[in-house]
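So that you can tell them apart, the chains are marked A, B, C, D, E and F in the order they are listed, and the count of residues begins at 1 in each.
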Amino acid sequence: MSRLLLINPNISDSVSDLIRAEAQRSASANTSVEVLTAPFGVAYIETRFEALIGAYATAQLAAEHHERFDAVIVAAFGDPGLAGLREALPCPVTGLTEAALASACLLGHRFSIVAISQRIRAWYRETVEACGLASRLASIRGLDEPLADIGSVQADQGDRLVALAERCVADDGAEVIVLAGAPLAGLARSLRGRLPVPAVDGVSSAVRHAESLIALQPGRAARGSFAPPPAKPHRGLPAAIARLLDRPVS
Amino acid sequence: MSRLLLINPNISDSVSDLIRAEAQRSASANTSVEVLTAPFGVAYIETRFEALIGAYATAQLAAEHHERFDAVIVAAFGDPGLAGLREALPCPVTGLTEAALASACLLGHRFSIVAISQRIRAWYRETVEACGLASRLASIRGLDEPLADIGSVQADQGDRLVALAERCVADDGAEVIVLAGAPLAGLARSLRGRLPVPAVDGVSSAVRHAESLIALQPGRAARGSFAPPPAKPHRGLPAAIARLLDRPVS
Amino acid sequence: MSRLLLINPNISDSVSDLIRAEAQRSASANTSVEVLTAPFGVAYIETRFEALIGAYATAQLAAEHHERFDAVIVAAFGDPGLAGLREALPCPVTGLTEAALASACLLGHRFSIVAISQRIRAWYRETVEACGLASRLASIRGLDEPLADIGSVQADQGDRLVALAERCVADDGAEVIVLAGAPLAGLARSLRGRLPVPAVDGVSSAVRHAESLIALQPGRAARGSFAPPPAKPHRGLPAAIARLLDRPVS
Amino acid sequence: MSRLLLINPNISDSVSDLIRAEAQRSASANTSVEVLTAPFGVAYIETRFEALIGAYATAQLAAEHHERFDAVIVAAFGDPGLAGLREALPCPVTGLTEAALASACLLGHRFSIVAISQRIRAWYRETVEACGLASRLASIRGLDEPLADIGSVQADQGDRLVALAERCVADDGAEVIVLAGAPLAGLARSLRGRLPVPAVDGVSSAVRHAESLIALQPGRAARGSFAPPPAKPHRGLPAAIARLLDRPVS
Amino acid sequence: MSRLLLINPNISDSVSDLIRAEAQRSASANTSVEVLTAPFGVAYIETRFEALIGAYATAQLAAEHHERFDAVIVAAFGDPGLAGLREALPCPVTGLTEAALASACLLGHRFSIVAISQRIRAWYRETVEACGLASRLASIRGLDEPLADIGSVQADQGDRLVALAERCVADDGAEVIVLAGAPLAGLARSLRGRLPVPAVDGVSSAVRHAESLIALQPGRAARGSFAPPPAKPHRGLPAAIARLLDRPVS
Amino acid sequence: MSRLLLINPNISDSVSDLIRAEAQRSASANTSVEVLTAPFGVAYIETRFEALIGAYATAQLAAEHHERFDAVIVAAFGDPGLAGLREALPCPVTGLTEAALASACLLGHRFSIVAISQRIRAWYRETVEACGLASRLASIRGLDEPLADIGSVQADQGDRLVALAERCVADDGAEVIVLAGAPLAGLARSLRGRLPVPAVDGVSSAVRHAESLIALQPGRAARGSFAPPPAKPHRGLPAAIARLLDRPVS
């Protein structure tokens, strides 16, 4: 029995619902999923500044709740806070971007990302670069209109998203499509058979990879840069974060 | 019920036994695994020339047997033939290297590879480069003595392998260790708790990732460079390979 | 008259004192500097998790105080929160790392970083990579003992830091030394004449570059990914951060 | 007197004729050339799977015939099997891609590749990446119609190929054109004066570079990863390949 | 009081006038600037060959005049001779390209360069690559008509240059614009408010960065590859260059 | 009958003698070689500043003499002035570094450079980077003592140079050795059989590649960045250089 915690770094309950639904559809029979929504932040993350906020909200939720879970998933594309949480938490942690890219890399050599806005592309690009995978990125294409409703973007913009994916394949050389962002959770599933190349999304990838990490039991870092942060003075932090910083290095 | 075919591109039954044992330990309850051994080739692959031979042997076995399986795994580090089989087979295909690297990338930023010989390092390095992950490779270290018995290298050289991993962490900045090569299948499991950072191996990673790809059902490439090869004249090929080349593009 | 705000993302008043002293020594005659210390966080940042916390503390202080200043400096190596603040604030923003690297790039082709701990090296390396400057990084070397007092590390460890710098030049090919981290603020100045290659630190570099950005008046982004974040619903944020998100795009 | 063996990894005698004609035109007076055609395989290689087959066919022919020659040329773009043969054969080995890229790099900084199909571009791109020359690749453009006859593509599609080259120069910044693939052997020669930048092809480049390697007598690898593969058990291999594996390391 | 020497590597007095005017506008109150024009060379540099000539002319002027100055600026984009002068001169040296790129990197992640001709783009691109900043280069766009008068290009082509900058932002993802080349000196200033992202030019950036390097007093290289060239026999050199080569290593 | 001009950018006649001797040994029967020595400059080039001087001396000699030759070779490692001359001269031009690297790339995947001094390494490294081949560079090692006599370094330091090459293979993973610098011309030949991997030098490689470029007749650039520089005003240039700039674009 694996217990997964998915943390939506944004405040949108409608997006949390999409995440939960796709996580449950994707999870193995013996896996339970729980989704928490950030208590503070923005409706959806498109920028580095919003990601900074989401990272801190995620850290708080993770610090408070991780003990009941076998793995934690940062459930926003861009993976706000992921690398920090990987140091601090005793369990495996992954995020929608790195999980989707890991899936994409197992399906082809070059992938494109289809996203919900133009603005979001720079942040996604930098996330791919931080993963060291820029050489496998064919392109990032995004919708070019303001979103009427973040919770219904799949229904409202489905055909446009398919058209973007087709251009990625025809014009950019994409061999795999990554449908990016929690608001697109489940779209890869509902588009099955409509895209000319394999497509993955972040939620289903993250759920599956988290299960794999739990199963592989690779061990936790006791040395190196992903060992828990060295103990040192701190002040003014939420109690749960303070506990993470104080606990003895295993 | 997922059915996985693991193809050992080498002729060593003792290594196939190691692969099978670790695959069975790693697989989910509802997954069956079968291991086939190359009918021709060398005892274990250390060089580009041996990999070329192993790739063709793997292609033959895959062409003959894939129809009974949901996914195929190239069960040698270096992934001989993997990219070609991904084009030709209708099911997901992965290999020990790309699967282990995908796992490693979910556990830390920079990984080192511990391998069974000095000679093998150049081929592994080129495999990592071909995956576009050179920027995340901390180092590759290998045993520096001829192997007495490829099937018992784990028992014979266990302490030396641990020592190499520790140097990767202390001297090279490795945050994750990849124990590389089918002859080391299962070593990550048996060393649990003895290494200072998370460790993964190729067989368990490939089994888990293959299961994930089956579950995600990302779809098959109908366009782009991983679509099936265009039909064209051929001559003198094994019947199973000829069938793969002749079948209509889906 | 230029007014610079330096934000120490850590809680150490002793480090803020070092920052203030070096900023005042570095600033032009017509520049005023003010240093604020994070109200919450850790004593000094060595890890990605601590940087995540520092980024949020920095964002709060920047949001509350920026209006009185012509430029803002994130006064910790690693530049926690810098890219986000560059989007959100109407004035120039820089950080100790990017400023020190900009100086170093004007003095030689390859630079090394000398740092206060072993652990901190991975985070610095990733910061350099995020700046796109990995090809110019010769090495990162750090002290290998726990720090007795973060505020007196220069005095306590001066000779060891010089020895590290000399190894960077002799063994790693460094043509410039970056003395990294706010706790080393002023060390480049006090070591003048003792190092075999040019040396820079983050505080003095950031002060000078901030002055230059104020003077150049390059304009603010109205389009592209450093324009202010698009307005959208938010909840539960500190009032100053909320104001940043709400103000009309210029 | 230099004796060159060119191995066509494909089964098309018409392409072997093109290779032979251009090789003879390109060779020095005291060089003899012989072209062998793969006894099994496909009409021309566009995909990674077809390259895998061609590599093995090339290895068999090379193993059987190399002793009569001073150098061996893998006469298909993509260089199937080249790196492996460089380990195994006692004489210099080169391939159409690496030879053409070496020529191109002596004529300008960035080159484009003009190819016979759309599909082939991904494989060519990966070949350039494997050569470490991605930063010098301006673009790859290919014909976008099925080929009526692989042996007459130059005559049938000459104007279209010229137009592709001109777009590479005007739109992509190409400073050199590589006319890629054995079916285009001789085209660089027949287009002399019609292209706005220098143009090279693989066959003439490979013949000239092979002559140079024979003349330079750089010595054979006795150590490192291009030394002959270490002796080890093997089974079921063609006699000539087995002999290559068994011979004592020089 | 800082004294800056700007050397125009070209023979155009009209461009020297533009350089001088912008340098004076950009300099701090206590900085004096002097501009020297190359006694031999071409009207403006677009090619590698012309840069080679300009480098030597710059070296002669720098050798003759540097002693009266606190810093030297190579006042042509492409920075002809910069790295060599950094070795040979005892004072800080910078150039328009590296200075503009340093400014751009403090304002956004990806920059585009707007230039005065198509031909000049390759040389600029190679200059950016030599700075190790290719990953941050969004694009280089240039005017596509012959220049009527190099000294009045800003007035003649102002609208076209703005249009190029806008395409860099809209189509290429530029977050900062670099207005490149001494003939565009001052254009960033006169376009203030007309471009959608921050814009910088080389002269103002170089003046400010030179002032900063003077203020930071980072020290001179006594070891490593930017130390003065080792003394050795020479012949036939201009007296000032000979003196630079002969003086004892400090 | 091919006529090659080799230009020694340095003033050392003893090095010109080494160049001439190796060029004659390397050239085909129907090739004539002529070596010219720079009329001004330094004894041998170790630094960027010396390379700047050598580039201009080379340009003058090339402009004056190229018309009698079919190809020109810049006969110093680092290739001073090469890219500029490739634009300006109507015949093929190559240099010792790019030619040696082209040879090395045909013999193995990763090469090391063995050089005559420590200081020279940075300049060589930057030359390799400018060729886009940094990913194939295993290491650069140099002698660490002042040279008694540049013309007899091979005899004086032969054993030390061999020892450096062996360390490149054993410690750095070199698969090919490049013996770098005109003062080492002929050393690869005289060391035949003493090194564990193939070895090449610049002079023999450049002679052979120049012959190949003459034979391939790839055509000259009429467009793109290696076309002759556009005509424009110039002043004060040596007559031969002025003629190169003035002649009509072919």
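Here is the rule we use: contacts are C-beta pairs under 8 Å (C-beta built on N, C-alpha and C of every residue); 3 or more make two chains touch, one makes a residue touch a chain.
A quick note: this is a predicted structure, and the numbers were derived from the prediction, not measured.
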Quiz item: Hey, which chain ends up farthest from chain A, C-alpha centres compared?
Solution: F
Quiz prompt | Intercentroid distance (Cα basis), chain C paired with chain A, Å | solution = 28
Exercise. Could you give the separation in Å between the centres of chain C and chain F, each centre being the mean of its C-alpha atoms?
Key: 43
Quiz prompt | Whole-Å separation of chain centres (CA-atom averages), chain A against chain F | solution = 51
Quiz item: What are the residues of chain A that contact at least two other chains?
Solution: 83, 86, 109, 121-122, 126, 129, 135, 173, 175, 224-225
Practice problem: Have a look at which chains touch which and call the overall pattern line, ring, star, complete or other. | Solution: other
Quiz item: Each pair of chains that touch: what are they?
Solution: A-B, A-C, A-D, A-E, B-C, B-D, B-F, C-E, C-F, D-E, D-F, E-F
Exercise. Can you check the complex and tell me which residues of chain B touch chain D?
Key: 11, 39-44, 46-53, 55-56, 59, 81, 83-88, 119, 121-123, 126, 129-130, 146, 224-225, 227, 229-230, 232-237, 241, 244-245
Quiz item: Along chain F, where are the residues that touch chain D in the complex?
Solution: 26, 28, 83, 86, 92, 94, 98-99, 102-103, 105-109, 131-133, 135-136, 169-170, 173-176, 188-189, 192-193, 195-200, 204-205, 208-209, 211-213, 215-226
Quiz item: What does chain D use to touch chain A in their complex?
Solution: 121-122, 126, 129, 134
Quiz prompt | Contact footprint of chain A on chain E as seen in their complex | solution = 109-110, 135, 173, 175
